[in-house]
Each structure stands twice: as C-alpha cells, then as structure tokens.
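Order of writing sets the labels: A, B and C. Residues in every chain begin at 1.
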Amino acid sequence: MIGYVLKRLITMPLLLLGVITLAFLLGHFTNADPLTSIIGERNMTNEAVVAAARERWGLDRSLPEQYLVYLGNLLSGDFGTSFRTKQPVSADLLARLPATLELVIAAMIVGSVSGIVLGVAAANWRDRAADHAARLFALLGSSLPVFWSGLIFLYVFSVSLAWLPGPGRLDPRAEPPPTATGFYTIDSALAGDWAKFGDALSHLVLPALVLGWSVTGVVSRMVRGSMLDVLSQDFITAARAKGASRLRVLLNHALRNAILPTLTIIGFSFAYLITGAILTETIFSWPGIGSYAVAAARGLDHPAIIGVTIVGGAAFLLANLLTDLAYLAVDPRVKLGARPAT
Amino acid sequence: MSDVPLQAARRMALPSWATAPVVAGGAIALFWVVTLFTVHWWAPYDPTALAGMRFSPPSAEFWLGTDALGRDVLSRSLYGVRQSLPIAVAVIASSVVIGALLGALAGYIGGLADELVMRAADVTLSFPPILLAMAVTAALGPGLRNAAIAMVIVWWPIYARLMRAQVLSIREREHVEAAIASGATPSRVLFRHILPLCWSPIIVNATMDFGQIVLLAASLSFIGLGAVPPTPEWGQMISEGALHFYRWWIAAGPGMAILTVVLAFNFLGDGLRDVLDPRSR
Amino acid sequence: MLNCLSRLLRPSLASIVLALCAGTALAQDQPLVIARNLEINSLDPSRAFCDTCQIYLSATYEGLVRLGSDNKSVEPSLAESWEVNENQTVFTFKLAPNAVFSDGSPVEAKDVKWTFERLKNVQADASFMMSLVQSIETPDDKTVVITMSSPNSEFMGVLTAPYTGIINSDVASANGASAAADANAADTAENWFQSNSAGSGPYVLASYAADDELRFKANENYWREAPPIKEIVIDQTADAVSQAQALQSGAADIAMQIDPDTAETVSSPDLTLQTVPSYNFIYVAMSPGAEGNKVDLTKEVRQAIAYAIDYDGVIQFTVGGEGNPQASPIPNGFPGTADLPMPVEDLDKAKELLEAAGHADGFEMDAPVAQLNVYGVDLVLLMQKLQQDLARVNIKLNIQPVASAVWREMVASPGVPFTARFYAPDYYGSAQYVQFFGMVPDSFWLTRAGQGKVDLLNQKEVELLNKALAASDAERESIYREIALEMINDRIIVPVVSPNLVLAYNNRVSGVRYSACCNLPLAELSWSAN
C-alpha cells in the first residue's frame, strides 16, 4: 500500500507536465490567429502593427521555443498576460479562485447534507414510498441541466417571490469585505460585519442549491447502499435485540459506519461540481474561475484558456489523488487504479 | 462484496430489471427514439420557420409558445432530438471503438504500447471533462461536429481503461492459454478468444454515460461552443431563452427535453447498476 | 440595501421588508449603481475602444473641448479658447490656467502634446483620430499649436471624443508609458492603467475587477465644481433581462442596455423608462472581393439583395419596432443626412435584377457573423431574419456564427461575402463614417470588401471628402449629403436599423441622458431632491 501511495506521488508531477503540455498544445493549435484577440479591428491589415504585436507577445518564435519559454515562466508562477483583461493570468485566477471555492464548498455542503439525509431516509424506508421519492428527487437533481434549473430558481425565488437576491456575490452597492480568505461570508463574519455576512450568504444560497442538488444523487446513493450493507450485519441485529430504538440504531451505528465511504464519494463528486460550477457561474454572474473560463473560450483569450485549463487540471488531479488515498484508507480491499466511472 | 445469502435469495424472487424506473426510463427513451425518426411527419410547425407572432405565450395554437423570431418552441424542442441523440450515439460509438481498441492492445501487448496508451489516458482523465471539451472546441471553433470531437477526446480513456482491465483478467483464463498453446496467432487470440468476452461492462458503462453526453453536448452549446443557430439544439435554445428570461417558456421546452432524456438514461443506468451491483439494491 | 437578514428568515414578509430595505437605502452617500455589461477592452485612454470605455474615460479624463448637451456643439473644457485657421490646418488652444490633474499638478501644454503623440504612436483602435496630425508645438505652458498634414475640419469634433482625454504625462511616464515613435512596443503602461487613472476629470478610478465591477470615486482635487454623487459603481450585469431585474429589485439605479422587448416586461412606478433615438446602427455589408463568393457580387446583385430585405420586419424582429430605418452609413441627425431616401423593400425589382444578372434560380452565400448582442440587437438573430428574407429571392444564406475575434480576422482576410455589424459614434461629425464606410483610400470597408481583387474605389467620394475636410462649418452639410448619396449607391454597406435606446433609471436619480460621444456623462448625475 505504501508502494502504491509512493507511485501515485511520483507520477503526479509527470501527469501535471502532461496536463500543461496538452493545455499548451490545445491553446496553440487553433483555427484562429491569437493576434485577432489583441489587435483592434481597424489595424488588422496594418502589417507594422501586426509584426510588432507578434514580437511583443512572443508569437514570432517557433512552437517548441514558445513552449520552453512558457514552462520556464510557469516555474516562477507566470501564466502570461490575458489578452482580454490585460492582467497577468495568475492574478486573474487568484482573484477569482476564492469565489469558485466558496461556491463549490457551499454546494458540497448542500449536496452531502441533502444526500446523507435522503440516503438515510431511503435506507430506513427501503422499497417504500419514501425510498422511491428520495431516489427520484436525487435523480432529478443529476438529470436537470444546471443552466436551466438555475434559470428556474432565479425566476421563482428571486423574481417572483423576491425571497433571495439575484445574480452576483454581493449587493453591487456594497464593497467586498477586507480580504482574509477571499470567501465573502467568512471575511465579513471575521470583520464582524453581520449585515454584509447576511448579504453574502443570501447571494450564495441559490447557486449553492442549484449546484448542490446536482450531486445529491451521487451521495444519497452511496449512503443508502452502505447503510443497507451495515444494517444487515450482525452487530446491528444484536443492538436491536438489546432493545435499542430503531432510530438510535440507524443514526448511531449504521450511519457512523456508512459515513467513511460517503466521504470518499463526496470527493468524487468534485468532478461534477467543477463541471456544474462553470455553468452555474455563468447563469449567476458569479465572478469565479468558471465564468472566466467561459469568457476566455468565447473571446479566444489563449493565455487565459491555457492557464485555466492547467489550474483546473491540477485541481482535479489533486482531488482525485486525495479521494483515491481516502478510499484506500477506508477500504483497503478496493482494487487500486480502477476508479468507478464518473 | 459482503452480501448476505438471504438477501440475494429475496432479490431473486423479483425480476430485477422490471422496476418502475427502468420501465419509465425505457418508455421515455423509446418516445424520443420514435420522435427522432418521425418528427417531420407530426411536429406542428417547421422548426426554423416563422410560425406566428414573436414571444407568444403558450396557447392552444402554440403549446409551448414562440421564441424571439416567432418560431414554435414545441416543434423546435422536438426537432432538437435530431441533434442530441445522434451526437450522443456518435460520441459513444467512437469513444468505445477508439478506447476499446487502444485499451485491448495496451492490455494484450503490454510494455511500451501499454505505457503510452495508459499515460495518455491518465493525462486526459486529469482534466475536468467540460474544461477539456471547452479548450478543444475553443481551438477547433464552434459547431456540433467539433463539440463531438471534443467529447470523444474526453471519453475514450474511460473505455480504454475498462477494456484493458478486462483483457488483463480474461487473458489469464484457461481457454485463452489453451489457444495460445495450440499455436494461434496473437491477433486471432485477441479477436476470437478475448474480445468477445469483454463487452458486457463496456455496454453497461456506455448506457450509463449516454445521459451525461447529452448533457455535456447541451452545455457546450449553451456556452456558445456547440450547435450553431438556427439549428434547433436544446442547449442553444436555453441560452436564447436565458436572454429573454421573463418569457420563461422559451427555455422550458428544451429544458424539459434535456431533463426527460437524461432522466430516462439515468433510470436505465440505475436499473442496470442495481442488477450488476446488488449491494446498492 | 439587501443586507436585511430578516428577508431570509421571514420570507412571507419579503415584500414589506424589501420596501423597508429600499427605504433605508436612500441615504445620499450611497454609491450609485449602473447595471451594465462591462466588456472593457482596456482602461488605457490611448488603447481603449469600447462603449463602457467612453463612460469611463469621459468621467476620469477631460479633453481640450467637450460635446455640448445638444450632442452637436463644441464647448470649452481644458482649453478655455481656441482658434482655427481658414483652411482647417492649424489649431491653437489656450489651456485653462487653473486646471489640475487628480494628483494636484497643473495641466500643461506638454501633457497635451504627449497625450496626442502617444495616442497616435501606440497604433491602437482610436489612433486614427490623430492620423492627420503633423506636429504639435508648445510655445508656453498653456498654449498648444497643432498642425495638420492636410485640412481637417473634423478635428474639433474628434477632440470631443473621450479617447483624446488629456493624460498626466509625468505620472504615466513614471509607470512605463511612452509617447515616442516606437510607443507601440515601448509603452508598457497598459497594466498600470487597469488600476489607476491619471486625468483631470470629476472622478478617479477607485477599483476595477474585470467581469465584476468598475468603481469610481469623486476626484478630491477636481478643479471645477465637484460632482453631486461621490461614488459610482458600474456593476457587471451581462444581459438586458438581468439589468431589468437589478433595476426592479433596487439593486441598480440605472441601466442603459435594456432592449425594447425586455422594457415591455418592466413595470414599476419607481422607474422611468425613456426611449430615445440613438446614433448607433446595425448594417449589412457585402464584399465582392471575398474569397468565398460563389457568384460575382456585382452592383446589380448587391442592389437586388438590398431590395429583398424586409426593413420594417427587421426592425420589428430585432428591436420590437423600437428603431428607425437609416438611409446611409451616416447616422440619422449627423451632417448630411437630412431627407435622404430610405431603403425600400421591393421583391419584384430584386427578382428582376437577379434574373438580369443570370441568378433567377438564386445562389448560396456564406454569412459569417460575430456572436454578439449589441444595442439590443442579437446579430445572429438578425442574420436568421435576413436568411428568411433572402430565401424569398432564392438566395441561401449560410450563417456561420463565430467569436468576435474570429470575425475580425475573417473580414480582414479572406473577406466575408455577407455579414452584419454595428457602429457607434465617438463624436459628432460625418467624416469618420466616410473614412470607415466610404469607398475612399484606406477606409476599413474598401479594403475589406475589395480584398485587393475588386476595385471599388469611388473617386467622386474621395474628391467630396477632401472638399468637406477643407470646408467651413456652413458648407459641410451639403457636401456630406452628396457623399451619403454616393455611399448609398455603392451598395457595399446597407444599414438595416438604428435601434432606439432605452434609458431606464430609478426615479431617485436625475440627470440621466444619452451623449453621442460619451454614452452617459456621470458627472451630470445626481440624487433627486425628494
């Protein structure tokens, strides 16, 4: 097992290099000249301007040369400069990362809490109406496209009922709280600004619900399965025989045993959450990495596309590693290297 | 893994495939497949023609209203299946063929070929699927064909891994060893003795992935990297509907369409999983 | 104002609480919020070129002169007086003695010279404004003499454009800016300008987060009367519907990109929705020189296509009828546009012309278009409407929606047979339109439409333009009218709609108006008295 962990750790940098290389190649094998994103439309036919831009952005060099320069710059944390925002891509990504993390973590909480509750309920009332309802609700979440459910949630809760604010992270009039973590909820709480905390939290609710619901199904399925597994084991029967109440057995013994495998599946749901975050951020004007990626892809902002692909890949790689290791720690019988299909 | 015999016995009493979700999923999937082939006979309007006033709310004449160009949302939603299902089938088929072939070769030949294929798969699987698909379509330019290529690039490694694992386990079986001992050529061993036994998990996986691919294709269109207007494509229609958010019906048709297709395949996939992985039953 | 936690906890009282929240938000020191799709290409005055840039630059920088509220007259700004010689080649300005930049240092002649030279030498989108400038002299700290290489009666108009706002040259140079001939490569200040302003305008840049918000605060050292509102935020709000929603919920005070279709769905006694004609327009362009042409796009064929367009229908479909037809590529109301013949739909004539050209059975035409929604018009949607129109004369449009950057590359080379695009003015004056749309040397569309393969040069337009640039104010109107008629006749550019602009704002704000150069003059905004 230690051998396996070591092997994973050693292959990590190699995979990361592969990720960087693939992202770089994708960013350069395009049907559109990156210059079009830099030069204004009036000067596209001005050869002097075009040549100067090529030189300035290093596009006059050969591809391998550009690749080596890019790798060298990466080592010092330099992802190049975005064509669109004119800022270093690393600065853009750093500024947007907390927004995405705040959303993804909130959605993870929504998804796992709802998934655990539904899973426990489904296991408890196995094959009864509650089981079917819980499974249907969870499946609905993973089948709804978030870019439509987001619209519905906005229409219902923000426009029609006016319970919650519309898109964005904060009321536009409010200034962001002093940066400590970059999470507006935590930062405003740290600053003791409870009005701002409420504002940030109320803005977070809708996108977190939309995104969280999309992973409810993965979690509830796992919880239900492991609960049923545990419930059929001898020590549960013994506990019941000793007169422990049904609910007590359920929560105390079964859930405790089911929680570890559930944790790992929550890790797996990270993949869904990243996919969902990109679309949710677009619907909710959430200024995170996802909306940045969409704007970059639409605007053919190559340095930004490459940067965001590398960062996304690295994060994904890390999450997979942690999940695999957690899985291994929980259930050593698991066949190494064979991940459940997502 | 730790199944109790008694439980298994009770399950045997029910035909495990005939659960309500599987039947419902099958029915919905059948509806869309029939629609795919017959929609031009019975859709109320031409999906790209001006059918009435723009922004008409749902009415007896237009069940799901009309969009910004006065086109019938219901007809467009129905025609949308002609983009989504063929794309999903094509992506699944190509990914299975490419992935399974590479996986089989990697598993059978081993050595350098194995390393190359599996490392390529590892790198590809290191990306969140949508991000990689976005990068590919940004490079190739928008369009459903390019979006499909992007999705094949995202999906083939899953099947390559599956197939490799299958081949590795089956080549240890006696009848394969016997075939090798009797002097069969390696390609004959692979294609006649190993591959025919490898397909079932792949088919199950493909069914379960189907809904995900429909969803991803719609997502790419939604962010403007997939289908090109005036093609009636669901993701593209929802993005048009988002621009006219207060006219909720424009997005409602395609939204329901995506929901039902994906739900149907999730039902089917769930049913299949129940059969194959009794623990979660 | 949405900070009331109780809204979360007691949803049934939401509407009451919302009203309470709104009531407490009226404090005068609240920032004013404008909901807008930022789409900023740069905040560097010499490199910027976008609608939000116009708002930003006109609030943080001041030019030598400015455009009056009639959208026509030129008024003093940093220059308190000026003189123009008779043949429109030498312009002399006297700067206001008390004008200072936001850091308190005086605005001097050297800053003007440096700013204009930089604008010319960075070779960005707005550099064309300085193309005729030959030399700039600064006889003393407060006098600037600008000499043109040829007559330029448009120059005073150009100087009202926000891109010609005067930059504090000492501060900018210290941060990497350069005005030298090689500024295109040597200037490295753009990144600095993304988080700092260096002008003399009523506001300064407080902060800018791309895709999120642009925040202004009042310039403490402003040399004239301070603006009524101390803090303004332009909040990234991508589309018309979200802007309407922000306005209705009270999250925003002003929105200017609400299209007429969406405006219909907005109703609130607290809001004013004012529809005004704009100087923006959407046009169709045909390029006979484009590589993808399957038939020869002769003038007769172009004429036929123009006749086949259902102009009323286009206005109906793109902006719900809230727009005006426009005759030539010079916007309605600009010099030379009085009583021009409007484009008409005439299917019989179109078919006749096509038959004469041998295309009775029609033909196919590639139509790449940028995926953009501008001034309430979705260009791809417009293309779909045109596709339906042209199908009536058997012309099949192959719509190819592409990213804006790709569109720019495609029109530059190899050209696109048929496309749609938009234009918005930067100042009041007609020469900019002739130089962009006319078939005169170096015009944007002469090179794009001809691709060096088809000679489209219109000698008469060239002569008329030279005449107009040397003419006095009184004579220009009639010369531009002649040019407009020539441009209509070229049939390269066919305007299809000039969309109306919806000014939507909360009644607690006053001073909202549409400006031809600057979109929304922020310094004129104030909170209403009540």
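By definition in this document, a contact is a pair of C-beta atoms (placed from the backbone, for glycine too) under 8 Å apart; a residue touches a chain by one contact, two chains touch by 3 or more.
The model shown is predicted, which means the values in this text are computed figures rather than measured ones.
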Per-chain Cα centre nearest the global Cα centre, belonging to chain: A
Which of A-C and B-C has more C-beta pairs touching across its chains: A-C
Centre distance in Å when chain A and chain B are each reduced to the mean of their C-alpha atoms: 22
Chain A-chain C separation of Cα centroids, rounded to whole Å: 38
Chain B and chain C: spacing of chain centres that average the CA atoms, whole Å: 45
Chain B residues counted as touching two or more neighbouring chains: 141, 224, 242, 245-246
For chain A, residues that touch 2 or more chains besides their own: 31-32, 159, 298, 300
Residue list for chain C, restricted to those that touch at least two other chains: 242, 245, 371, 403, 406
Footprint of chain A on chain B - complex, ascending: 1-2, 4, 7, 20-21, 119, 122-124, 126-132, 134-141, 158, 161-162, 165, 205, 208-209, 211, 215-216, 218-219, 222-225, 235, 238-239, 241-242, 245-246, 248, 251, 254-255, 258-259, 262-263, 266-267, 270, 279-281
Chain A partner contacts - residues on chain C that touch it in the complex: 1-5, 7-8, 11, 14-15, 18, 25, 30-31, 33, 35, 41-42, 49, 123-125, 127-128, 184-185, 190-191, 194, 209-213, 215, 233, 235-238, 242, 245-246, 249, 251-252, 371, 403-406, 408-409, 411-413, 444, 447
Footprint of chain B on chain C - complex, ascending: 239-242, 244-245, 261-262, 265, 317, 320, 371, 373, 378, 380-381, 383-385, 387-388, 399-403, 406
For the chain A and chain B complex, residues of the former touching the latter: 11, 14-15, 18-19, 22-23, 26-27, 29-32, 132, 135, 139-140, 142-145, 147-148, 151-152, 154-155, 159, 221, 224-225, 228-229, 232-233, 271, 274-275, 278-279, 282-283, 293-294, 296-298, 300, 305-306, 308-309, 312-313, 316-317, 320, 333, 338, 341
Touching residues on chain B, where the partner in the complex is chain C: 48-50, 54-55, 68-70, 141-142, 224, 228-230, 242-247
